[in-house]
Structures are given as structure tokens and as C-alpha cells.
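Same chain, two partners: subunit A is paired with subunit B first, then with subunit C.
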Partner chain A sequence: MTASIIQVLLSGAQAGIIYGLLALSYYVILSASNILNFAQGEWMMIAAVSGAVLIASGLPYPLTILLSVVIATTLAVTAERLIVRPLEQRGASLTVVILALFGVMIVVRYSTALFFGRQEEPLEGPFGNEVLAVGDSIFLPVQSLVVYAIGAATFVGVNLFLRHTWLGRGLRVAAIDSYGAQVIGIDLNRVRLVAFGLGGLISAIVGWLYGPLYAAGYLIGATPGIKGFIALFIGGMASPWGALVGGLFLGITEVTASRFLPSIYAEGLAFFILILVFLFRPTGLLRRRTS
Partner chain B sequence: MTTATVITKKERDWHRVGTTLLWALTMLVIGLAAALFGNSYQVTLLVNLAVTLILTLSLNFVVGYSGQFSLAHAAFFGVGAYTSAVLSKTLGVPPILALPIALIVVATLSTIVGIPAARFHGYYLAVATLAFSILIEIIVRQSPSVTGGAYGLQQIPYLDLFGRIEGHAYGIVAVVVFVVFFLAHNNLLRSRLGRAITAVRDNPAASAAAGINVMHTRLFGFVISATAAALAGWLHAFYHRALNPMLFSAEWTFIWLFMVLVGGIGHWQGVVLGTVLLAILPEFLGFATDQTILMVGVLMIAAALFAPRGLGGFLDRIAAKMRS
Partner chain C sequence: MRFAKLVGLAALSAATLASPVAAQSDKPVLIGVHLDRAKQASYYSTLQQQAMDILVKQVNAAGGVDGRQVKIIYEDDENNPVVTATKVDKLAAEGVSYIISIGSSATGLAAQARANELKIPHGTPANIAENLTASPPKKYYFRTALRDSFASAAAAQFLKKKYGNPKLAFVRDATETGLILSDQWIKDLKAAGFEVVAVEQITPGSSDVTAQALRVRDAKADVVIVLGGSIPDLANYTKMHRTVGNKAPLLGNYLFTSASFIKLTGPAASGFIFTDAVDPSRPEVVEIEKQTVAGIGEGARNQPVMIMAWEYLRLVLDAIKRAKSTDREAVRTAMEQTKDFPIGLGPAGTKVNYSESSHDLFTGPDQVVFREIQNGQYGAAIQWR
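This part shows the complex of A and B:
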């Protein structure tokens, strides 16, 4: 019984970190620009798929990771520069911006389907795809350790960036009051560009965490992408930690439910929890500290 | 930023009673002619067009006039269609009586989804409706005893009004239902509630100061739009008489949003023209292959970048030119 609880917590934390990181990438963009970028799950898909393609082409493995993350992040930045910025400068309504980003999501997803094909291919993890046995009843894929380590490092890194660098602080100021930020000389265009880049980078990292556990294919970003912003809204927008709390809560609940309930219920659980949170605790689990 | 004036002069011109009646009459005449003299393929196209027009106009109502982002239109459409079908097929309720029940079911569901979102503006409605939409699709797929699961429902009874309604007769019913919906839609826009809805969109604080209950107004806008989607679902169910869970797919909502964008968000004339234009290219909707979906994506970006006001903006320019 203890072993099975530990097993559930380990797998739940793994799913939770993946959801939490995606939630963080939504959070960064949402706080810098008030845009909920529904295309966010596609950058992880691009990182995983281009990783699979580059490995097949015989490139050295570390270079593959680097290059695929660069490709995904570049695409995210390009989307901001070519589509979001012109719309924002013209003062387009949020509805139009969000619809354009839906367009980006569709274009990225289905052009991948067209060029890469609809198949799903295994992606080799940085330390292989073996499974470690701890004792006789707990099993832990090596990739899970990678998820815990890289996930923690990314969270700490992004928080340090937001607290201690000029750009990161600018981003936080823009989140609190975009007009005030402009008054004190923060370039909102630059803040938005950095936020889309950082969001893209986080999502691309998730591609290398999730891809080896699952596969690389044109649709892999869809479900985690949705779970990511659901985790964000469950955790709350009070601080970047809301993303982690929401992600872990969602991941552990889902894995627990799929263990003890028929999988039918587990599949819809995230959406059910979200509606409950909206009804009874609409600002999310974590609340802003009021002084 | 949206303008502070609640109804601009341009909007007021479009909202004249004469304009509405002229549009209604034109659409009624063209629709009835198509229903009477079209072949069976054209009648199917006509019914589908009436269904899609109800969907895009009601989606435009919540997104354009109420300024809220709803992503569950396909879910409300599907619930309307499935409720009507299950009532008439399994429980033997006459199709015409299934309509009010389906409308009440969807109005109730959308109220539950809409209440938290109406209190907290912003992305709450978008996220809540998307979650709801996916949850409903899962539930429908997983309860085969009621909904037929992935296989869907077949052999739904015929609509019965003084005899069985099918083919040309159904085309006439569809046109009449649409035109009645259209008149109600435009009437609502001119009513006190309609003006309150646009006022809340433009300036919630000022509307509250003027005595409008912002939360109720937003909720009404959303629930009315969802209920109209259920009407479209009812109309769809008894013509095709077969339903499958693909109906609930969120991708439909995106296609209707795309039509609204092409027509011009918050501009009903543009939305009518945009829907007609995009819906009578049947390949555009019928076969969701990768290439066509990809094309929708590209056009969505292009429309947002190069024609953000859609066909409606074009219509406004012509109207301005004709006046001067």
C-alpha cells in the first residue's frame, strides 16, 4: 500500500511538473501582455518533432537538443514579432489577437502533420529510456528523474530571472500596471517579445521532458497545452508558484484518480476540477498576499 | 481601446428597423425560392446554411456585442441536438416539444458555466467554456447507453407538423426558423438589454454607474447566445436525423469564429455575408483534411492582420461613400 502511494505520488509529480511548466509559460506571457496564447503547447511539439527528425539525420545528441530548442523558441519569437506586435501596435482588440494566435496554433500543428506526417515516433531521452526498480514494487523511468531535475531548475531559473534581472523585473512591472511601466521607461514591445521567447523556451524544454515519456508527433502538444492553462487557472495567477501548485495538484489528482477509478473519469477530471475551482475559488488555490 | 460612446452613429444607422426588415425580407425570399426550387443537394446546403447562420450570428452576439470569448458554441450546439434527438427517439417526445426542453437544458448548463466567468471578466469565460466543451465531448463519448457513444445516434424521428416534414418542406421550416431568429436577434440588439450588453462591453464601470447590473448583463449575453446554439442543434438534428460526437469538437467553434472574423466581429451584416460566402463553399466545411484546416489557419492570421474589421468594415466604407 505504501509502495503504491509512493508510486502514485512519483508519477503524479512527473505529470504535475510538466503541466506546471506549461502553466508557467502561459503565466509569463499572460502577465507581460494580457494574452492567453493558445499556441503555447505547439512549441513543445516542435521541439520534440524537430528533435526526432534531427536524431534521425545523425546529428550528435547534445546538438540535437540545443538546435531543436532554438528552433522552437525562434518560432515563438517570430510569431510575436510578425503577428502579435503589428496587431498590438494597431490597437487591435484582444479577440482579434487571440484569434490570430489560434491561427498560429492551427498552422504550426497542421503544417507539421503535412511535412512530418501523422505518425508518432519515439524520442530518445537524454539518459535513455530505461526504467529503474526501487525495491520490488516501485518503478521509476530514468526520464522521470530528468523531469524532476530539469523541472525544478527551470522553475528556480525563471523565478530568479523575474526577480533579479532588469528584463524580468520589467516584465513583472508590466504585469502590475502596463501604463505605469511605460511611464518609467519600460518598452512594452520588448517585454512582450521577451515573454513570448521565455514562454517558448519553457515550452520547448517541456518538449524534451514529455517527448521521451510519450512520443514525438504533430498532436502531442494539444492535450498538455490545454492541461497547462487549466493548471494555471487552478493554481491561480498570484505568483509564478501558482503555476507549480496548480500543475502538481492537477497531476497528482489525475494519476490518483486513474489508479483508483475507471479511466473514463480520470480523462475528464481536469475539466471538472477547473469548473469546481471557478465556482468555489475563482482566483485559484494560491492567493495574492495582501499587505 | 474601444470607444467610450456606447452606440456609434455608424452602428445606429445599421440598427434602423428598416434595414433589418429589408435584410429579413431579402433572406426570406431567396431562402424560400431555394427551398422550393432547389434540388435535394441544394436543400441540404440551405438547411446547413440556416443552421450555420444561427450559430455564427449568436457567436458574434457573445464575442462581438457582449465582448466575451466563448469557446463552447459547438458543445451547446451538440447538447441541443443530442437532447432533441434523445428526447424524441428514446422517450418519444414529439420533436416540436423537444425544442423548448433542449433550449431550457442548454440555458441551464450555460448559466452554470457562465456564473463564475461573469463575475471575473477576462479569460475566465474562454477557459471555462473550453474546459466545459471538452468535458461534454468526453461524457458523450463515454455514455453509449444514452448517446450511442462514438457511434452516435441514428434514425432520429422525423419532424412532424401537420404531416412529416422532410426535403423541401424542411428547407422552408429552416428558412422560417432562421428569419424569426434573425428578427429576434436584431430586436434584442435594439432593446434595453441589447444596449446594456454593448454598454458593458465598452465600459463596465460607466455602465455600472448608470445602473446596469454588469454581472447579470454579461451572463444574459452568454446564456442567450448559448441557447441560440441549441436552436441550431435542434434544426440540425431533425434534418440529418443522425448525430455523432464529432459535433462537439471544439474545432467547429474555431471555424465559426473564423467566419465571424471574416465577416467582421460585432457587425451582423458582415457576419451574414461572411457566413454565406464561407458556408456555400462546401469543401471548406465538409472535409476537414489537414490542408483545409491549414488553410483556415493561414486565412485566420491573414484576416486578423490585413482585414481586422472583415467584410463589415468594407460594407461600412461603401455605405459611407453612398451617403456622401
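This part shows the complex of A and C:
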């Protein structure tokens, strides 16, 4: 039983950190601009797919990671520049902007299928794809250790950025009061651009955490994208740490259900628990501090 | 001698369909095809399309069918049954003589319903869903795909022969394909007397399947049957199955012949056995594969769906030639009257014999091929009967 619990925590944390990071990518953009960017899962996919292509082309591995992250982040920023900003300047409603980004998600996904092909390719992790075994009941992919380490570093890094940099504070002020932010001289266009860039960067990092565990292919952004979205609302919008709490809660709940119940019931049970969370804590598990 | 007769079968497909008789019409022979261009079924849809395009090019280069060039009109069904029905209408309006379904079974069912209403002969090389076949058969529908109930019945025979009375576990993904297939197989194998000790399910996109692998191992199944449509998830399960030390052999269906399964699974794929409609060691299949590889490159290797699509189109064009007409009723009648048509599907010697009471190529589990993955390659048919 102890081994099973440890396995559940290890597997659940791995899945949960991936969901939490995607939730963080949504959070950064949503809090700075009120925009829910459905394309976040696709930036993750682009990083993984371009990584697979670059590896196949013979580029050195570290350069592959760097380039593919740059490609995905650049696409995220380009979407803000070419789609979101012109729509905002034309006075489009938030709904229209969100729908346009939904369209971006579809275009990116199926364009990738056209150019990359429809079959998935393996993506080698930075430390290989081996699995460590402790006895015969605890199994830990080496890539999970990468997920824990990079996930923790990303959350800490983003929090430090938001708290201790001028740009980060600008994002936080815009999230609290966009009118007030303009009054004190914060350029909301720049804030939004930074938010999209940061969100894209986080998603791109997830591509290299998730891709080696799963595969690189045009559809891989779909399910984690949705789970990240759900994790965001489980944790709540009180702080970036809500994304991590929500992700871990979702990941561990799913794996616990799969381990201790026939897994045909696991998905349904996990979402039933989510409904209970929303019923009793509609603003999320983490409450906003009141002064 | 027999080999010599057979070896030219695929390559001569084009020549046998041509005729020195003067063209009956300048109009092309129109074949309609609905497929999924971009969504979940697109990877096998586009492979089938590529195979058919190569065959059509050869047929046309050799003079067409009775002097008439063949033209395929493709419509994207978006893997959506509602859209499929409208595309069937569109193809009907274009004047096609036959409609071929190369998308998913769900869209194949939608196409069947609409094409039967419009009285257009149609069918599929690859849709395996059981409910596409009725008894008596739908008048305008002809299939060469392997019915899934035959695959599961053959699996029952194989399991009894090889393992006696093994306890079974099922692992499936939660795609529509995975759920429909596994429900059919579970029902059939239980009816055949097997005990099912576990049924585990993987949500597509899961980065971790350790829980499912441990539950299957703890259930102490003798054989684990893996079914579904999401190759990365099933590849992950296969790897974890070995990692947790489960020695139970793995059995799947023909969907595992996707080239990415071996790439994603690596050495863990060795020993994986699956049912199939194609024996790659047959000379006809070797010849067709030579043509498809020449046409699109190495991506055509080990792609049974391409063989299926090629042979089905060849059958349809032969029926049009025998009908001496592109009239839909004449083509339908000619298809139904197909007798002893040699085809590169199933075991050696398989022939298409349709009748008023049967519009399926495969008539029983004895025609199902079993193959094994060894050393990173899809093997030829296993001889086990």
C-alpha cells in the first residue's frame, strides 16, 4: 500500500506539474489582459514538433531545445501582434478576440499536420527515456525528475519575475486595475505582449517536458491544453501558485482514481471531484488575500 | 509457375483494365471518395488516398477503363458524420458511379446510410465496424475490410491454440475506436469462454500509464489485449507493461500497423502480435508495395491500409469494366456478381466472391492473418492453424 501511495504521488506530481505549468501560461495572459488564449496547448505542441524536426536534421541537442523554444515563443508573440492587437485597436469585444485565438489554435494545429505529417514521432528527453525502478512497485521515468526540477524552477522564476521586475510588476498592476495602470504610465500593449511572450515561453518549456513522455505530433496539445485550463480554475486566480495547486490536485486525483479503481471509472471520478471543488470553492482552492 | 502468374498481378492491374475496344465515351469514369484530410482519421485516410492515386495514374497511363480515363473526386468529411452525408450528396451531384469510404467507421456509417438512399454503389476497404454489415446485406454496399467480429473470433481460436484457456486483461484507449473495438472483443471473447480479469482504460494524451500497467500486472492476466486508435497512448502502455515486469504476451488488432507504433515503442514492441487483413509475404502485396514505395517513398512501407485501398479500387474498376457501363445500377450488379476475383488481402488464394446474400470479402475468422513484431520490424504472417 505504501508503495502504491508513493507511486501515485510521483505519477500524479509529474502529470500535475505539466497541467500546472500550462495553467500558469493561461494565468499570465488572462490576468494581464483578461484574454483566455486557447492556443497555449499549440505552442507546447510546436516546441515538441519543431524539436523532433530539428533533432532529425542533425542539429546538436541543446541548440535544438533552444531553437524550438524560440520558435514556439515567437509564434505566441506573433499571434498577439498580428491578431490580438489589431482586433483590440478596432474595438473588438473580448469574445471576438478569444474566438480569434480559438481560430489560431485550429490553424496552427492543422497546418502542423500538413507540414509535419499526421504520425507521431518520438522525442528524446535531455537525459534519455529510461525508467528507474525501486523494488517492483515504484517506477520513475528519468524524465519525471526533469519535470519536477524544471517545473519548480519555472514556477519560482515566474513568481520572481512578477514580483521583482519592472515588467512583472506591470503585469500585476494591469491585472489588478488596467485603467489605473495606464494612469501611472504603464503601456498596456507592451504588458499584453510580454504576457503573451511569457505564456508562450512557459508552454514551450512544457513541450520539452511532456513530449519525451508522450510523443511529438500535431494533436498533442489538445488534451494537456484542456487539462491546464481546468487546473487554472481549480487553483483559482489568486496567485500564480494557484496554477500549481490546481495542476497537482488534478494530476494526483486522476492517478489516484486510476490506481485504486478500474481506470474505466477514473476519468469520470476525477471530473466528479472537480465538480465538487467548484461547488464548494467556486473561486478556486487558493483564496485571494483580502487586506 | 503460380508465383510467376501472381507476381505480375498488381503491376498488370492497369493493363488488364485497359481494352483495345474504342472508347465508349470521352467522359471520364468518375469515382467519389470521402476522407478525413486533417483530423484523427487523417493519417490512414491520406495513405489510402495516395495508394489510389498511384493506381489511377497507372490505369490511365495504360489507357484507362475501356478507353476512358479514371478520375477520383475527393471530398473532406472532416471526420464528421453529418458533414459526410452532405459530401455524399455532393459526390452524387457530380455524377460519380461509385463512392469509396476511406475515413473512419463513423463516417463510413453515415456515408452508407446516405448512399443507400441515393442508390449509389459504395463501400470501404478499411472500415471494420461490425454494424456496417447487415444480413441481408445493404443492397448498394460492398466491403473488403476485415470485420471486427472475425478478428475477435480469430483471436479466440489463436488464444486457445497457443495458450489453452488464458485469463485475459484488456487495455484500451478512450477513443471512439478503442471503446467500440474493445466492447466487441470483450463480448466475443467472454462468449468464447475466456475469463476477463481486468479492463483498463487510458485517456488519450496521458503522460503516465503506470497505474494501468500495475493494475494489469496485479490482475495476473495470462495474455493482455491492447486495442485503440491512439497510437502514442498504446505505445506508452506497451513500454510500461514491460517496465513493470509483466511477462504476459500482448495481442492487438491491425491498427498497430501504424509505422509510428514501432518508432514510439522501441524494443518493447518485440513479440507484439496483431490481427491483420494483409500478409506482407504474398507476392501480390510485395508488388503493390513496390509501386507505392516508388510513388511516395519509404513512408509507404508496411502500410496495410495502402494495400487495402489499392485492391479495393482495382476491384471497383474491374466491376465497371465488366458492367461495360458507368451506370450506377449496372456497376452495382457487376459488383454483386464478382466471382473468383483474386485479391491481395487475407491469406494466399483469397478471392472475392460476392452474392446477393454476402457483400463482404471476409466470410470468417479463418481468413484472418496474424503477424508479430520482431527486431523492430512488422513480420510476415505467423503459421499457427
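Definition applied: the second predicted complex is superposed on the first by the 281 of 291 C-alpha atoms of A that agree within 3 Å, B and C clash if a C-alpha of one lies under 4 Å from a C-alpha of the other, contacts with A are read in each partner's own complex, and residues count from 1 in each chain.
Just so we're on the same page, a residue touches a chain if its C-beta (ideal position, glycine included) is under 8 Å from a C-beta of that chain, and two chains touch if they have at least 3 such contacts.
This one's a predicted model, so the numbers in the text were calculated from it and none came from an experiment.
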Partner chain(s) touched by A:S11 [first = subunit B, second = subunit C, both, neither]: second
First (subunit B), second (subunit C), both or neither touched by A:Y61: neither
Partner chain in contact with A:A113 - subunit B first, subunit C second, else both or neither: both
Which superposed partner A:V104 touches (first subunit B, second subunit C, both, neither): first
Touched partner set for A:L213, first subunit B, second subunit C, both or neither: second
Partner chain(s) touched by A:S137 [first = subunit B, second = subunit C, both, neither]: second
Which of subunit B and subunit C A:I230 touches, first, second, both or neither: first
Contacts of A:F127 with subunit B and subunit C, given as first, second, both or neither: neither
Contacts of A:E267 with subunit B and subunit C, given as first, second, both or neither: both
Touching both subunit B and subunit C, residues of subunit A: 110, 113-114, 118, 264, 267
Subunit A partner contacts - residues on subunit B that touch it in the complex: 1-2, 63-64, 67, 69, 112-113, 115-117, 119-120, 123-124, 126-128, 130-132, 134-135, 138-139, 142, 254, 257-258, 261, 265, 290-291, 293-294, 296-301, 304-305, 308
Complex contacts: residues of subunit C adjacent to subunit A: 38, 40, 42-43, 46, 174, 198-208, 210-212, 214-215, 231-232, 235-236, 240, 243-245, 258-260, 263-264, 266
Touching residues (chain side subunit A, partner subunit B) in the complex: 30, 36, 83, 86-87, 90-93, 95-100, 102-107, 110-111, 113-114, 118, 226, 229-230, 233, 264, 267-268, 270-272, 274-275, 278-279, 282-283
In the complex, subunit A residues that touch subunit C: 4, 7-8, 11, 14-15, 18, 110, 113-114, 117-122, 131, 133, 136-137, 139, 210, 213-215, 217, 219-220, 222-224, 227, 254-255, 258-259, 262-264, 266-267
